[in-house]
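Shared between the two complexes below is chain A, which pairs with chain B and chain C, respectively.
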Partner chain A sequence: MKRSLFHITPSGRAGLITAALFIIFMPMIADSFWLSVFTSTGCFVLAIAGVAFMYSRLGMVSLAQVGLMGIGGWTMLRLNHGFDMPFEVNLILAATVTMLCGWLMALPVLRLRGLYLALVTLMAAGGLEIIFATFQFPNGGVGFWGVNTGSTGPFRRPALAESPEAYLRYVAIIATLGFLFIEAHRRLFPGRAWAMIRRSEAAAMAAGVNVTLYKTWAFGIAGLLAGVAGALLAGSLGILDGSTFKSSESIMIFALAVVGGARSWLGAIIAAALFRILPALLNSWGLDADLALVIFGAGLLHAVITAPNGIAGQIYDLLGRWRKDA
Partner chain B sequence: MRVVAKYANWLIWAALMAAIILWFGWGRPPNMVGLFVASGLAVGSLYALGGIGIVVLFRATGVLNFSGGAAGAAGAMSAWQLVAWGAPGPVSWIGCILVSLAFTLAYGRFIAPRLAWRETVVKAVATLGFALIILGLVAFMWIDDPRSITLPTDAIGIRFLGMRLTATRLMVFFASIAIVVGIYFYLKHTKVGLQMRALANDRDLAALLGIPILRVETIAWGIAGLLAGFTGLMFADLIRLEPTVITFMVIPSVAAAICGRLENLTVVLIGGLSMGVIENMLTMSSLFRGVRPIAPFVIAVLVLLWYQRGARLTFAGRD
Partner chain C sequence: MLEISDATVRFGGVVALDHVSATFSQPVSGIIGPNGAGKTTLMNVISGFVSAKGQVRMEGQDLMRLAPHRRAHWGLRRSFQKEEIANDLTVSENVMVQLDFRLGKAGAKQDDVARMLNFVGLADRADKSGDALNSFERRLTDVAKCMVGDPKLIMFDEPGGGLSVDETRHLGALIKSIHAETGAQILVIDHDVELISDICTETLVLDFGRRIAFGPTPEVLADPKVKAAYLGTEEIKP
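And then the complex of A and B:
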């Protein structure tokens, strides 16, 4: 029992190694541009982990993850400029608020199946995009919306991580904790209920599993992670912009989660790297970032048609073959 | 009483629409309100046209197509390019429709069949990949730049009840109605239409009966492609010629499709039109003006809530 709860899978090992790399070495070698790219990659890893887990464990598709990140970021900035609480308290509150909003959003579809969750979350993403574009993000102004034109109020980073290097480490550690949080759920009783629902909702219901409750639970975790990710992203720059949280980005995140491989940690990391690092690389090589879209699209079709476990799955297959040959 | 119960949804819809128009239009000149409703109908027709394309294809093939907007965007940009090269108007319009037809058919014929056995959600996500490819190519070929398309119908003004409307708006409105009526008769009175309805009803049984699935599906993709091209051209003329905007027009179109529960074309049409009108009426309210594009999404979610009132999750149903 104990062994199955704590043993480390190949995917888990890959995730822990990447986390260690980001925590120890990356902050040492990256310049300030790449530090901010890596930090936002770390935030998106968390958000992608949320959608990917929901898709791979329950077949539920959420197309509003970046919209939910926006809620987390908005709450974080609002609390930062409105009150005097430490970063961590704001982080927890932002995550909770996002989770509640996610539930509210999923309310219309809790009793519907399949495609409708994807469609309703898409509607929510479209709506959130407009709200963020209209009301902007708080930056120290007065009133509920707190928007100040021109100047921006100070942002308090966590006391442990004031410098960009330390903040990257901070984000990497929280992302790792997020993965462990999902993994713990998967190995305990909710994971068993989810596995059953994935196989057959009817069978799960017949076995006494409360299908609606466990689906809501999964959606709540995805919302929580999106909230943390959004709040951390707010901490990275101190300001946020509506154009980061467009509905097209939410769609893209989901697509990339499938491309990277929704079933594993490595998949989420690959997806976030494609989402944030690839366009930055293309830019620094002087290539058009629009080409990234073509690569994503082709990767998505390829993943959906031939590689159900995404790039991560192919890497594991390759490693497995290599190990067998050796 | 039973008659009332049968038409209850329609009565509620009519009452709500009247209430919304009265509420926002109260105390303003009727002319102005009429103008807002008319231009709302034009925008709504675009949503409806997109939704009709989605629903026709979804029923016949089980694929929820997110790439219709991108195909339309590719078509509209090609039309702009043809005009820039000096081609006459009609050539550019036909070019637009042919380009989106080609993209959509290519997907329907070569990629969609490889995914036929997958879940609905996966099939929808795959079309998203195709949309990204088209969008990436289009954005790469035509660098961001303000562009526009004008149709000869823009210059024709028609006076109607004291309002001046461009012929383009009227054309979109009547085209959306004509297309719904046309598709209705096509599905009802032709052999392929019958086969499409059979596919919509039960794919596996239809295949057992010997219905040429690939052929029927290709025709459905063709219809979707034609609609995407026409919608893209009209959107480029009436609203904006920008690939990203046209591509993601698919989201409010999905909202219209949700109103018809992805099956009823008449409701999709009326839903789309109502969304356009409500969205435009919100312009008159100082409170909602900024967030008016949110209207289609809120309406779709409310409609969904209304449909499933009293529903329970049961064993029955495939998905």
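And then the complex of A and C:
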């Protein structure tokens, strides 16, 4: 059992290689447009890791992840413009607030399963969408909502990462820590409890697992990651807009998590790349970015019909076959 | 000693258990009865999965007051008709789940897991993942899971289901030896009268949710009411 805590899985290797790529090379070669695209991709990798983990480990579908990101982003901006604390403190507070909001939303519905939990989270996402559209995000104005028309207050990035290049590295490192956090859970007692719950709730209870506690725990982790993702996104742009956090985007990242492969790091990275990098690529080729939606649809059909472990699963299968042939 | 008194369960208009009382005092006891007799319902009452009227007490503990997972913490173990082994965990992780609620040294818990896996004969499979096991090995993993963490009461719901005759015999011998190893009292539900008569000292017979016989297994199995319930015969008066 000691062996299983520290070994590196193929999925982990793929994740670490990607992280290294984004920490070392990408900041050197990307221009300011691509730096911003990659940074936002890094944020969504974290958020997608949250939904994907909840879906693959517990079979729970949350359709409010992007809405929760909005809460993280809102809190980050609010703290940034309201107080003089360092970025890291704001980040931790934003993540905690988001986690608590996630719990508040989820506690009454955690006894629900499958479709019902998904519907309730979707409704919460819809509610958040309206709140963000109505009250906007703080940008240095006065009062609780802190919205100023016209001018925008300054945003303090982390002292370690003021430049866009350094900030991309910063986001990539935090995303990696997020994955390690999930992975550590998976390999220790919460992971065992989740695996039992996924197998059968009755069997989990018979094994002494407090099912509600562990489901809440998982939801809390997903909320925490969404909060970090939203706060980092706020740090990337310095301002946020309600249109980023629509409920339809929550559905989209869940669908993409399935397309990419919900069980692995690589899956979350592929999903975030499809979500953020593909539209930017289409744009830079002079094509309509909405074409991405058509590709997502085809990808989803492909995943549902032929690839239960998503594109990532197919890549591992291919690599396995190639290694066997070699 | 497990005391069940007046256990009653209603599902809508159906009375699944009708004032069933029994005091199990032997190391290994059985519950038999035709399909739909209420055997699994009674086991679910003891586990806390269905709410019931009546009392279930053991060693001074009123089990009905505890949530299902708390009953497991207290020392209740059970297996299900279908073995419940998580495919993405290793064999020893599957067993370890049962001990995770305890605060204590990881080493001691791992020793307990290793000892019980050795007891059921799966020591060499401990690091295999759940989906690499055959159905008998999965069943044995379930047995090991029920044995860790100083259990007080272990219930097996149709442990022989889906197993070959030889495997069932092996499992029966194993179940019989659990009490000596752990000190736990054992309750076995099965259709297989041969298995029950082989391993259970006393047996409760249910039919249509009612207790129709209870006592030493050979006497119970010879009871005409029990035979009638199983074979569907009725006394025909001339």
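Basically, the second predicted complex is superposed on the first by the 326 of 326 C-alpha atoms of A that agree within 3 Å, B and C clash if a C-alpha of one lies under 4 Å from a C-alpha of the other, contacts with A are read in each partner's own complex, and residues count from 1 in each chain.
The rule we apply is simple: contacts are C-beta pairs under 8 Å (C-beta built on N, C-alpha and C of every residue); 3 or more make two chains touch, one makes a residue touch a chain.
Just so you know, these numbers come straight off a predicted model, no measurement behind them.
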> When the two structures are laid over each other on chain A, which of chain B and chain C touches more residues of chain A?
Replying inline: B
> Between chain B (first) and chain C (second), which, if any, makes contact with A:Ala202: first, second, both or neither?
Replying inline: both
> If you stack the two complexes on chain A, which partner ends up touching A:Val211: first (chain B), second (chain C), both, or neither?
Replying inline: both
>> In the overlaid three-chain picture, which partner chain does A:Leu291 touch, first (chain B) or second (chain C), both, or neither?
In response: first
>> With both complexes overlaid on chain A, does A:Phe189 touch chain B (first), chain C (second), both or neither?
In response: second
> Now for A:Pro108: first (chain B), second (chain C), both, or neither, which partner does it touch?
Replying inline: first
>> If we overlay the two complexes on their shared chain A, which of chain B and chain C does A:Ile130 touch? Say first, second, both or neither.
In response: first
>> Tell me the contact category for A:Glu88 with respect to chain B and chain C: first, second, both or neither.
In response: neither
> Which residues of chain A are in contact with chain B in one complex and with chain C in the other?
Replying inline: 202, 205-206, 211
> Which chain A residues qualify as touching chain C in the complex?
Replying inline: 1, 3-4, 189, 192-193, 195-196, 198-200, 202-211
> So in the complex, which bits of chain B are touching chain A?
Replying inline: 64, 66, 111, 114-115, 118-122, 124-126, 128-137, 139-140, 244, 247-248, 251-252, 254-255, 258, 262, 290-291, 293-294, 296-298, 300-301, 304-305, 308, 311-313, 315, 317, 319
>> Show me the residue ranges of chain C that touch chain A in the complex, using the header's touch definition.
In response: 47-49, 68-69, 72-73, 76-78, 80, 84-90, 92-94, 96-98, 100-101, 110, 127, 145
>> Please output the residues of chain A touching chain B within their complex, sorted ascending.
In response: 59, 61, 108-109, 111-116, 118-120, 122-127, 130-131, 134-135, 201-202, 205-206, 211-212, 247-248, 251-252, 254-255, 258, 288, 290-301, 304-305
